[in-house]
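Presented sequentially are two complexes of chain A, the first with chain B as partner and the second with chain C.
Entry: the complex of A and B
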């Protein structure tokens, strides 16, 4: 520490370098076996001890969190990659063990074919699918293969958070386990076998060429790799969520490893998603309500996963991704990954330190929100919005106000081929177009943007048919920290198009903004009624009724004239 | 003075994309003045096997962080990493952990 008189010019005395593990040592666990792998900073394990260590970690993560109840249907999200393949294998082995230690949930597998987004040729996609099917048949769980093109037929309800029963307490978990065991003792051992592979769900049929083309168009319209990766992740999440809801799965397990989550944490910070770190990197993610995403591999490093897969022959399928062979500075994700891995090479505790920090993150409701009314959610990532649209002093407020079109084009006509906010299409003559009060309400792009969190808004800006926004180009060159300055939003130069987005997103955006409009109108009516009707409550009630009923306001009549 | 060696070099986890998709290579390293260690092997691979994007495989005189090296199915950290002296019929496996999830 700093002391008076300490001379900083002398180099610190170099201590002996830490002893490197070598083959002559024995396994640190059993002290007998020949070590094959070095875990952490210098612990050499032999093959058998490594297997025990690896499997134990998987069980311990599931066991200590006590979120997966016995008999529950769990969907395993398998990408073909090493981590999710390893997870699949762990579940397979866990279900077939002797009854004391057996895993107790009912698994299914979903595989998303993302070839169209990555520019794979149809032949390559077919080849990958054939390999995937082989593995799925070996594993034997009910499986669902979905193509990313199916996002074009998703319903808007996938973006809504469904209420679910409150999670059980400790007591409830123990009681559930006990009753499950009791039932099975009564039923006998025969019924305890692995869930028999039902007729595989397979897929609805190969995607149409039109859908594939629409998906390619969507991804080609995104100019930066960062936004592409984020978009792919968002769409994939929605698709898997839909599969889970359709088939009655209440949990989804993803194979995110410790290394990947450490990179994801840092990347999320750079992307402006700091408010949601606990959900993005924690063990459980309940943002969707009825389906909880769980990450059982979060304590395994990529090195451990790779070694396990090699030593114990875990099958996996190689699928190219949007960032395959991309150079290091191509996206914020790549940059952060290179940063962390390089640091890890010299300081082997980097990944575990970042991981331990992520464990300490607590999911707290936003200040000012009453418990039970969490507030509006982001349209795309479904986290509770971290924006304060009313606060124009912040970068957000400036960003939002910069969305105002510089001129006032006849927005209704110009946007007619795409989603138009002015056309309610619901049969109720609802006044949506308030040009005089709030010009933004007419611009569908502003409608969508206003419903997004900060990180998703910044991504949306790159959905441009022209060139990338200038701030993002600079961001690629630096450390990837994106600082938004209001002047460079570029919205006046390049009018981005929402056309390529899948229809469910636009439909839900429209629905929400119409609902917000209706609520606002009711609020205003109530305020007027309160102000106007001083004497007695009856006239206030009368005005309230008038306001709530559509068809009683003068604005309503204007709308009726306009239609 | 090193005698010629015959070793098997294997790539996995996506690293094979840089080698024309070929996972296993049986190679014969020619005799040379310096002994064959992993360091020299990497130089040889870069010159003779690597088809594209060397920066995705090699960084400086070692492999890029994120690529694991297994020598005869054992972690190279146990065997001296770059200084391990190759022997005849050794099997060296490079697994990229950077791809997929």
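Entry: the complex of A and C
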């Protein structure tokens, strides 16, 4: 493959290619056992060496990053699939080993039943749940089974980033380990055995038919499979976060393998989430504040996981996903997965190359504009917003610029950058979200969209209600829906509606926009400084003025006063 | 059913729907808005200040033709003057036909044209000769790697000859999207760190480069060329099927089918990538041989040519560039040079 820095041997190898592992070959590690599996590009391992290699990788990833403190409560997100089952098994074995090498945290397991989103019948769901319970009982950790329908009863606080405890330094980690070991000696062995084993904290009864119906309606109202997958992922994250917070877990471990993370990275690129790649695919993801998501399986390839599960009989449960049996071109996720796996077959270093590149990503805004406080966060994915002012010379600006030589009000997502819900300053002053000024134009959809990052906005465009209207055969299906804008091609307008969304999202959006309005009003009443900067303006507003004209703030003032 | 009315002037019948927004526009309004958008990119990004002498990299292909045409329309408003610079890589059966198209354009638009040839600049090495030299090693020829690097040098040289202050190329949004996909697949953190913006400001003595068409999708470029009836050369380079960019291009086509805004989403992602400081290329100095911008003692063009001249073409492609006898430089070894090393589709 034309990989950068790949060594080309000079001259071309004259001899035959290196021999494939044949039956007489021994394990490359111990040179004694008979090899059973070939890892990487020709390393044959025997069963025991493979197990040592696999387990060592898991421990090394945890140990290297020093994020999981001893005695900490860790929630293992188990989907039933091979990677997360393998992770579960590793944790199980790690906890039961001799004390020197034992894993030192307190685990719990959460299983999310997503059958309603995938269109499973209640009988199938019950069957899956029964199988899952069997496995969970074998594993023996405290487990929580939640149904995706419970998102309808989540509180809006899920979407808020709680204050973080400061991350421990190297010294703090070491100190914590030492003090834990001391306690361990004092208290004796027995107290440290499997913590609270058989408390099946199941769920409070199966979900009601009404909730299931609401969930189906939500997922049916999403047009594209891509947006469905993203929505499912978002809701699942929120749900698991809620479970973690409720039961006092400070870490969540997910079983994303190297292969899946490589695919996820490329998919996130294509979805416009380039700013957040380090959070989406890195080892730790601390965007939620108090709960940190950790990915200990990120150095295991899917092949290793599959072989391990088979050789050591790790139980797993098959759960169909939203995109099971979907055609390859149905969604960006499927496309990327197929592409990467196909390329991997041709160039075996593809996945590891992408993975290595992902390790070089850092969690920082590109231009260092967040010198002070970071800007507001996206409503759904809780990352710092990455949209510029409309009309800037960037991809976002290009999609929202109103360069047409007419007075057409641009699509609703155009205006507001960050704090204020509808920033009437940039370019043309459009409908503003002031309730008291113009109730008709207060558009809940625009309010929600303004609080989303770029990627989430694109996904939200696919959320419509009802069926498609007859004149919708647009060349670009990803267009923003035109809300109440006259002068379109005379087609009947789709009524986009946010009703299907779970109430906690809408409530939080409402709260944020009200807070932003209140802040805006306060800002207007403050006296302006000489250079037009507002005293007490958030750094986000300041940062967004670098591309804006200096007259923008006064225009905003005028626009506000003109109501 | 008859075509709907143009959404902008409401008078003429619409001739197309913009791929970006699905708006129905007539020919005139579409061309006007395309030009307005390019103008906006240049102005908002402060790419070409008034009084600039701009060298337009012209290959005869659709992108550079559209670029030259639009810039010529906008030149009075921006206060710039244009020169066409064409690069002759010496690819038989392809470049000569393309150059003929460039000459016709220069004559029609009355723009001065300068042709810079590889054979003249690089000691007789044409791309065909490079391809023959790299053909024997059993792996892919990677002649596109050579072509990209050498073409940048040639363009820079041509721009200097006409006394230009800025260099513009016709990369469109699809190119940028393919580039970021490709750089991730190849693991090229250095280029990822460098790319994504609107161009390079011209560090260390190199001329500032920019891409005014960067936010225009390829479909719109083609439509614009069609409506304005521009004469361009539309065939693919004979070596193009071997380039790695082909994989990225196929992927982009599929992504666009699944989600039409995928191209701009990728450009947005590329703009927002944050790479570790260690991955970023070091501040460049000057090549010890030719004086051009370089991150190491030798610029990539000189390094590649050195390899070719020694009969070991892959000398400069690979880890560490051993054997080049470079005097130890204090800078960390990183490949220098242009944003991409893969062929630019007919700029």
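To be clear about the criterion, the second predicted complex is superposed on the first by the 418 of 563 C-alpha atoms of A that agree within 3 Å, B and C clash if a C-alpha of one lies under 4 Å from a C-alpha of the other, contacts with A are read in each partner's own complex, and residues count from 1 in each chain.
FYI, a contact is a pair of C-beta atoms (placed from the backbone, for glycine too) under 8 Å apart; a residue touches a chain by one contact, two chains touch by 3 or more.
Treat the numbers as computed from the prediction; the structure is a model and nothing was measured.
J.: Give one of first, second, both or neither to describe whether A:256 is in contact with chain B, with chain C, with both, or with none.
T.: First partner only, chain B.
J.: Go through the superposed model and pick first if A:516 touches only chain B, second if only chain C, both, or neither.
T.: Touch partners of A:516: none, neither chain B nor chain C.
J.: Going by the contact rule stated at the top, is it chain B or chain C that touches a larger number of residues on chain A?
T.: In the superposed model, C touches more residues of chain A.
J.: Answer with first, second, both or neither: which of chain B and chain C does A:454 touch in the superposed model?
T.: second
J.: Just checking: does A:526 make contact with chain B only, chain C only, both, or neither of them? Give me first, second, both or neither.
T.: It touches nothing on chain B or chain C.
J.: What residues of chain C sit close enough to touch chain A in their complex?
T.: 4-5, 7-10, 14, 17-24, 29, 32-33, 36-37, 40-41, 44-45, 136-140, 142, 145, 173, 180-181, 184-190, 192, 196, 198, 215, 244, 247, 251, 254-255, 257-262, 264-276, 278-279, 312, 314-315, 317-319, 335
J.: Spell out the residues on chain B that touch chain A in their complex, using ranges where they run on.
T.: Listed in rising order, the residues are 12-14, 17-18, 53, 55-56, 65-66, 68, 70, 73-75, 77-80, 93, 95, 97-101.
J.: In the complex of these two chains, what residues of chain A are touching chain B?
T.: Residues 20-23, 35-38, 44, 79-84, 255-257, 259-260, 302-303, 305-307, 310-311, 316, 318-321, 324-325, 327-328, 337-338, 341-342, 344-345.
J.: Would you mind writing out the residues of chain A in touch with chain C in their complex?
T.: 1-8, 10-13, 224, 226, 265-266, 268-275, 277-278, 329-332, 335-336, 339, 343, 350, 353-354, 356-357, 360-366, 386, 391-399, 401, 403-406, 408, 411, 454-455, 458, 474-480, 487-490, 547
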